[in-house]
Structure formats: structure tokens, C-alpha cells
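Each structure below is given as C-alpha cells.
In what comes next, chain A is part of two complexes: it sits with chain B in the first one and with chain C in the second one.
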Partner chain A sequence: MNAKFDDGAVGLTAVVSVQGGLDATNAALFEAHCKKRLASLAQKSLVIDLRAANFLSSAGLRSILILGKHVKAAGGRLAICGLQGVVRETFVISGFLDLFPVAETLEQAAGLAGGGPPPPGAATPPGHR
Partner chain B sequence: MIPPPLDNAPEALYRQERAFLLNLGLALAFTIPAVIVAAFSGSLLLFSDLLDHAQELINGVLGWNILRAIRKGRTQGFDYGTGKLQTLGGVVGTGVYVAALLFMAAMAIRHLVYPAALDQTYTAAGALLQLTGFSVDYWLWQRNRRLAREAFSPVMETLWRANRADALSCLAVLAGLGLTLALRRYPWSVYVDPACALAFVTYAGLSFLPVLREGIGEMLDKTLREDLQLRIDRHLAQNYDGYAGFHGVRSRRSAGRIFIEIALSFPPGQTVAEAVQTSERLRRGIESDIPGSEVRVVLMPAEPDPAS
Partner chain C sequence: MWRRCLEAFRPTLAFKLGLLVLASTGLIFLVAFGYSNRVARRLLLQAVEENTRNLARSTASRIESVLRAVEPLPQWLARNLGNGSLTVPEMIRQLQEELNVSPCIYGSAIAFAPGPDPGSKRPEAPYVYRGSGGFQYVNLAEGDYHYDTWEWYLLPREMGRPVWTEPFFDEGGGDTLMCTYCVPFFRQADGKRTFAGVVTADIQLEQLARMVSAIKLYQSGYAFLLAQNGQFISHPNPEWVFKESIFSLAEETGSQPWRAIGRAMVQGKEGFVKTQAPGSAVDSWVYHVPVAGGWSVGVIFPEAEILAGLRAMNRTVYWIGILGFGLLLAVVVTVSLGITRPIRVLARQTHEIALGNLELAVPPVRSRDEVGDLSHSFENMRLALREYVANLATTTAAKERIESELKIAQTIQRSFLPKRFPPFPDHTEFDIHADLHPAKQVGGDLYDFFLLDGHTLFFLVGDVSGKGVPAALFMAVTKTLMKGVAEQQLSPAEVLAKVNLELAIDNEEMMFVTLWCGALDLRTGELRHTNAGHLPPLLLRGAGEAQWVELPKGPVLGVVEEAVYGTQSIVLRPMDTLLLYTDGVNEAFNTRQEQFGEGRLEAFAQAEAGSSPKELVERLFGAVQTFAGGAEQSDDITVLALRFRGWPGAAAAPGRKPANAQETAAGNGPLPGKEN
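After this line comes the complex of A and B, so read on.
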């Protein structure tokens, strides 16, 4: 599946945006890309921007899980930005919606990932880790 | 320290490796006389059986190679023992096997159109060889099934089921040869051998199609339907706090069972009891959610701190 990963940053938080679908063909690539991005910026927290993602398979979810643990091990936090449509549905079915804080905008997501107080309007699921 | 899974314990791996080598050695020992009787008897049924011998040899080498890789620790990267290359080898081998079956089917049809008499002495020798083959395969079937149960292992599961298939195939060939010899006084008996050979290769071909499909699915990580994969993910999410690192999931289908391996690491400060509790909860949850599945949690070294 075709996907494009774009790098960005909001303040001290690294952002990786996904355009297209995340599945078995590119999940490992995405994981490596995010880890490299974190290492290059020497940052601990990460926002995965899924606003332009149109598909997410179980393999894609697992790459997010791996990244969640990776970020946590470094003392940072992982937040998700822009869940919608079938991608949101996949998050709901798999129970991933409870794992990571989810926000609608990058700024809100960066606030959640940065560990600071969540900006107004950000959706923090109860008991997210 | 949590003990390694039973089939990955060095002693168990040696035992399994020896079982594969024994299989391989016996398959080799039978191949030479099988070629001789097939060539001199002119029996297509015996020729078709040679394909089975070849497949047995290939599977033996592949299985032994997989176990050797596991024992030598080349699976630290969590590639489920076999790895894609070995699966590819298996699929290519299977493709060659199916092509050979098609060739044998064409030969059988040709012999039905232009029948030829068989050499009775070598055909009888072939029957005797099949009887011996059945005895040996039956013994291996029982022995390897016991080994597979002692050390839960998908590889050994596959081996004993292959032994059972070989034993039954020997019986089928033996029945065909017996029929040819028993009916030899009738002029139409010349059709018995090619007809049996055609039935044999058709059955072998049909029973191999799922294997080929499964192998290709495995290479594309499609051994499990996506809804089942998502169920695994749900259990991983439910137990998220119980493990420190997640390294992947590998699944494999074998003989109607689904073998799932989940690679996790646990924080150094965690007690063994806590780690076992998480692994057990994950295993029980997935096994009850996915019918026919057998789940194993593989322990991986904890990820080094990315910050350090």
C-alpha cells in the first residue's frame, strides 16, 4: 500500500504524519522512520498524525504499539492526532483508543505528548497510559 | 528468569533435530531401491511414489535447517524460526512438486492410451518395498507424535503428520500394485497401474493446493484473517501495562491449528510471577478468542533505553 511519511515538529515534540494507508507492506518502514526521527531530534515524545491516513491494518497498529513502548522506555509520551473514518474504527475495535491520548489538532496532540496540561478541546481517554 | 519455551530448550531441540535426521536418513535409504524398482518394473504408480520420496527429502532438509537455525540462536530477531526465505524455499519446492505431478498425470494418461505390460518381478519387489515403507513410516509416525506432544512444537507436529501421510500413501501404492499383480491374467489389467497412478497424483496434487496457498499467504503475512489479527491486537492493548516491550506477532497455520507467537520483553524490575501472569492472561485470552489457536509468548531481551 502506498504511504508517505512527513516529518514535522511542534515545539519540542516530534511529529510524523502519515498519508495513505499503513499496513504490513510499510509498517516496519514507518516504525523505523519514526525511531530515526526521534533519534535525530533527540526528542522523547512523538505525535503520530493520522489526519491524512485512510487505512490502518493490524500490522500498522502493531507498529504504533511498538513505538508507544519505545517512546515510553525513553521517558516520553506518544499521542495520536486526527483519527477519523475507518482508521478511528480500527482504533476502537482493537481497544487502542484507550492506550494513547488522541487529539484533533497537532498542537493539542503535542500538548498531550509533551506531558503538559492538555489544551482545551483535547480528548484524553480515561485511563490512557 | 523465566525458563525458555519447552520446544526451544536446547535438549528438546537436539531431540527434534535428531528426529529430522533420522527421517532424512531413512528417506535416503529408501530412495535408491525405490528408483531401481520403479525403473525396472515400468510401473507409473511406483514412479509417482518417487515424487513422494523427493518431497520427503526436501521437507526433511527444510525442517532440519529450521531447527538448526533455532538451536543456533539465529532467531533472536524473532523471525518465527523459518523466516521468509525458508518459506519461499518451501513454496518453490512445492511448485516443482506440483509440476512433477502434472507430468506424471500426463504420463499416466499416455499409458492409458498406449498401455504397456509391467515386469512382474520388479513390481512384486516394489510391493514388498512399499510394505517395508509402511512399517517404517508407521513407526516414525508414532514416535514423532510422541515427541511432538512432549515438546510442543509446530515443526514436530508437521513432521508426524507427514509421516502419517507417507504411511497411508505407502498403503495406497501397495494396494494398487497388489491389484495389478492379482489381476495380471486379465488382458485389461494393463490399465490398472496407470489408472491407479492417475488417481494417486490427482489426490496428491489436490491435497497440496492448500499447502501452496498457505505458504504464499504466510509470505504475505496473511496466515490469519484481519479480524483475527485485530483480536490479537485487542488483547495486546488490554495487557499493555503488563509488558515493557512489544517486538511482534508471528502466526502459522499447520494441520488445522493456528500457532501464534508473541514476542514481548518485561521490565528488569518486574517479578517473574508478574511476567508469567501477563503472559498467561494474554495466552488464555487469545486462545479463547481465536478457536483452534495455540499461543506462545516468547521472551525477548528488554529494549535498551533509547535515551542512553
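After this line comes the complex of A and C, so read on.
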């Protein structure tokens, strides 16, 4: 699966945009890329921009899970931006929508990741009843 | 043929080196040899010319000195005779004295001119010569010897001065070959100077010839004496003396050079000429010098004889050259073999090494030149290569072991899954079939089914994230947990909640499973099912349409410890079929990077609604494989199909009313089933 990872930032929040698909062949690479990005910016929180992603396998999901755990351990938060088509479907089916805050725009996502109160309509945190 | 031989011939370094050295040395030797030969020959010829000139000149001067020694006495006598008259005995005494004084004079005569009247008595002509028994006296005026007809008398009379005659045989006089110096004497009478006679002195040519023939030059060189007319006065060949002249000889042999030499000699010139000896074809050199009186001395010798020394030297030099060449060849071969030995050994060894024998050590070279460096580098390369190959072998062995272990893991993993169909031959209420096609790498797909009691079938399909041994292990744990928990007779949602908790504790690696499971009441057809992030099943109603089964919400297993799952219920009618699968189906790619997708899956289900579970499973695999074309299968593919046939005693003994209500294991709000 061919994919391109682009670095960006909104304010102080690191952003990594995925173009193409995330699967078993590049999930580890994506994970390492994001960790490196966070380290280079000396930031805790991360926004994964999936607006240009067109495929997400279970390995891709797992890399997001690991990144979430990594960010959380550092005291930051992970937010997802822009779920489209099959990627959104994958998020829905696997229940990941409930695991990470998801926003439509980078600014909203950065807001969610920044530790502020989630805007109305954002995903319910896991375990909430 | 020879060309092929030539192509097969590969000159070695030593050969090339030797050839080059020998060729250049040979060239230098030849040039030096040729040059020295030329110079030596020129110097030799110069020396020979000088020697010969000296010899010829000294011979000429000796002849001249003999002749000059003869001249004064007759001159003196002639002067005396011109002044007064002597008696005959006085004259004889005078002549005897003359011979006594001058040993080179053979004989001497005084011949008076006869009277003017013809027939008058001739005056006395005393002649004294060296006879066999001492001086002999002859009166030339007596007998048949008409002296007044001889050249020795006529020439001085006519010329009026002293003259040397040509050689002649004095028959009746000295009776020998001679030349005569004749001096005229005159008387004064009436104030007039009249010719009165001639005084002569003879030299015996035999004496001169002996002098000339005594000259020996080299082995066969000799001298010869020519008279004024070219006649041989002296020559080693006695047949030629006074019988042949140089010109007659040249005429006989047709030799142009000899004619030229003869001309030059007669003209009194000196010269050094190369030609062929008369009467033979031997290359010879001639040196000729004039002798006073118009004679000429020639010295002739074969060229081969003067060059004999040079030839001998050349032969010696030639042999020295050959020997030196041989010695040089030996040295060059030895040295070049010595120099190239390490290279040859290296070439042989490296050839062996290149063939794969890395155990063969490159021979150590002690020299610290380029060959030494090369050997050293090559040895290092060999060692590095050997180590690398050894490492590679170890790595390959390890890899093979890992691969074989993976294979075993895959086999063990697959052996977890039920593979005997039909699994429950005595249960006619349902028909189930499933299969798993593993990807090249060990994956984490799983399926299972088992009867909880006589009338409940529990079945599940799941997919562990990732691949490899971790996924396989996680799959094994999941399957074991699922069976263990399900047998506690909990609702499917409760089962998932419990299993999720077990999996999520200390899940450092964030492995997770998507899993769908359901419990089918075989008496009523009620299916209570739940889902943890898995793909929705397809329900094939009888032989009619296929529809997606709506699913309760629930996250994947193993991530959120406190996750809750909902149970949903649908009722299967007899001959309804449920089709379950993993993402290996809808996410199968073809070579154009297109996905199989839900659309194709749904269309397949529509088309195959009437097929048996076994056919469904097999045909779906076939469809995916056809779609993928040559593209490699990247993920495990699992398909499970279940057909509900109905409870055999359903009509006679209606079972429990199907539960329409939804149970929720974790208190989520009720979700309506598709059917209800």
C-alpha cells in the first residue's frame, strides 16, 4: 500500500497527514514517523489527519491505538481529523469512533487534542455510559 | 587450426617479460655488433692499405736502388771514353773493375760506333759478364752478334742520352734475361760532336725477380713487376713472365678492372683497388706503385685473408653473443618467473577461491611490493567473505528455523479451528461450513462453533489485528477464552465483555480482535448476536434476497477495559443462511489495486442465495481468487456460512416463543433487530 505522510502543525499541536492507505505494510513506519514528529516538536499532543486517507486496515487501527497510548503516557491527547468513506466506515464498525475524539477540521481537532473541553457533538470518551 | 592454437595460446607474464627483454637486448646486440664490424673492417682495411703501400713502395724503392746503383759506373766510363781512347785490354780491365765495384751489375760492354763506310770492319766491342766460372769476356763485334742492330745500341744512339732498355734475352751476349742501362758517348771532331759508341751495364732480371718474388703477403698474397709495356717481369706464375702482359691477360679473361689497373700501372699511377685476382674469382685487393724507368710494382692479396682475423673475431663475438643470449634468457626466465611466481600462485589460488573454495588460504607473500599488497588484500577479502558466508549460513539456518517454526505455528493455529464437516452429523437443524485461507504470513483470523447444550449453537468469526506469531498467539488466547466464557451460559454481550476485559488487561502491544459471535436457538431459530468492531454478516433469506445484518455497537476486543457490548436478536426462518467473513474478503486487492468490496460481496450473496453453506464458502473463495487475479493474498480470508433448517419437531411441539426483546449485557439501550 502506497502512502505519504506529511508533517504539519496547528499552533503548538503536531499534525501528521496521511495520503493513501494505512495497512500492515506501513503501519509501523507511520507509527515511527509520528513519534519522531512529536519528539522533534517536543510536543505531547497529536492530530492524525485522515482527510486524504483512502484505506485503513486493522494494522493501521492498531498503530493509531499505539500512538494514542504513547501520547496519553506523555500526558497529551490524540485527535483524529476528517474521516472519509471507507475509513469512516472502518472507524464506525470497529468502534474506534468511541475511542478517539474526531473532528472535521484541523483547527477543531487541534482544539480537541489541546486538552480543552471537547466541543459539542464530539465523540463520547470510551467507557462513558 | 593454427589460428585456434594461437587463440588458445595465452602468453604468461614471464613469457612476455622475457620476450621483451630478449628482443630489445638482441636488437641492441645486433646494432652494436654490426657497427663494430663495419668500423673494424674499415680500420683493418686502412691498416692493410697502409701496410701494403709501405710494402709496395719499399719494394719499388729497392728495385730503384738496384737500378740507380747501376747507373753511375757506365756514365763515368762513357765520360772517360769521350775524352780519350783506351786500348782493348785497358777497356776490359775497366769493365772488370766495374763489375768488381758494383755487384749488382751482371755485365758491362763498350760498343763503338762502326765506321761510316758500310762493310768496314766493326771496331771492338768488349763485353765482360759474370759467367759460371768468374768473369767472362766476349767481343761482341765478332761472330753473329750484330750489336748495331740491338735495342741497347740503337736507343741511346737515337735519343742521345742514357736509356734503360726493355727487358730482353741477350742471346749471344750474356745469354740471360736482362735490362740494360746504355749510355752514349761522343767525340769532338772538327768542332762537331759525333756519336762514338755506347757503354752498357746489364742487370740480370732474375735477380730482380727474386727480389720481387721474395715478397709474401698473408698466406697467398704476392707481388709482381710490370715492364713499361705491361709485360710481366716477375710473377709467381713463370709461364706469364715475359710471355704475357697485364693487357693480354685482361683480354683473355675479359676483365675490365684489370685493364684499368694495367693502364694505371703503365701510366705510373699509384692505387689501391679491389678486384678479382686474375684467372680466379677470389675477391682481392691490389696495391700498385710506379718504379722509376716506367716499371710498376703490384701487390695483390685475397680479401678473405685480411678479413680472416675479423671473421674469426666475429665468430667469437657471435658465440659470445649466443652464449650471452642464452645466459640472459636463463636469467630473464629465472627473474621473471621469480617475480611472477606470487602472481601465478595468487592467480591459481584466487581462481580456486573464485570457484567457491573459501577455505583455501592465499599464500603469504613476504615481499612488500604491489603483489604483496594484492595478496594481503585478497586474503583479507577471502577471510571477510568466508566470515560473511558463515554468517549467512547461520542466518539462513536461523531464518529457515524461524520459517519452519512459523509454519508449525500456522499449522497449530489452524488445528485450533474445527475442520471436520459436517461437525454434528446427528443435528439436522442446521448446516454449517467454514474455511480459512491463510496469507503467506501467519495471520490472526479465527472462527469457531460449538453446542452449548442440546439446542444452542454458539458460533463466532474474528480477526486479530496484525500478523505473525503475536497475532497467532493472540488468536489462540481469544479462541480459548471465547469457548471458556461462552460455556458459562452467559449472553453473547456478556461473553464479549468478559473476554474483552481479559484481553485488555496488560495489553501493552495494543493487539486487538474484531469479533462477531452469536448463539442460535435451534428450536426457535432465534439468533442472539453481538459484535466487537467486526464486519456485518449477510443474511440470505431462503432463496431470495441478501441483506446486511444490523449490528449492535461495540469496540474491538482488547483495547478498552470497561467496554460494553449489546446483544441483538433476529429470528432465522428455516432455510435462511447467514454468511460471515473477515476483512480478507472485502479488502482483497486485485492487480489494479482495486478492492473486492462490499458491493461485490452482496452481489455474490444475492446470486448464491440458494446454495448450500459448503457451496457458498467454496464459491466465495473462488470469487475472491478470481477477482485477485495474480495479486498476492495479503491477509487471512475466513468465511463461515450457517443454514438454519428448522427444528424437526417444531410443528408438533412448538418451542419457546422467540424472544423479541433485546438483552443488553452492559445496559445499553435496546436496539431493534432487523426483523423485529
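The definition used in the following text is that the second predicted complex is superposed on the first by the 116 of 129 C-alpha atoms of A that agree within 3 Å, B and C clash if a C-alpha of one lies under 4 Å from a C-alpha of the other, contacts with A are read in each partner's own complex, and residues count from 1 in each chain.
Here is the rule we go by: a residue touches a chain if its C-beta (ideal position, glycine included) is under 8 Å from a C-beta of that chain, and two chains touch if they have at least 3 such contacts.
Note that the structure is a prediction, hence the values are computed from the model and not measured.
Contact with both chain B and chain C is seen for A:Ile93 once the two complexes are overlaid on the shared chain. Touch criterion met: A:Ala74 reaches chain B, while chain C stays clear of it. Using the contact criterion defined above for the overlaid structures, shared-chain residue A:Leu29 touches neither chain B nor chain C, since it reaches no partner.
Of the two partner chains, chain B is the only one that A:Leu38 touches; chain C does not reach it. Of the two partner chains placed by superposition, chain B and chain C are both touched by A:Leu61. In the superposed model, more residues of chain A are touched by B than by the other of chain B and chain C. Comparing the two interfaces of chain A, the one with chain B and the one with chain C have residues 24, 57-59, 61-62, 65-66, 69, 93-96, 98-99, 129 in common. Chain contact summary for the complex, chain C toward chain A: residues 463-467, 509-512, 514, 532-536, 551, 553-556, 559-560, 562-564, 583, 587, 595, 634-635, 666-667.
Contacts from chain B toward chain A in the complex involve residues 220-221, 226, 229-230, 232-234, 236-238, 240-241, 243-249, 303, 305-307. Of all residues in chain A, only 23-24, 55, 57-59, 61-62, 65-66, 69, 93-96, 98-99, 126-127, 129 touch chain C in the complex they form. The residues of chain A lying in touch with chain B in their complex are 24, 35, 38-39, 44, 57-59, 61-62, 65-66, 68-70, 73-75, 90, 93-96, 98-99, 129.
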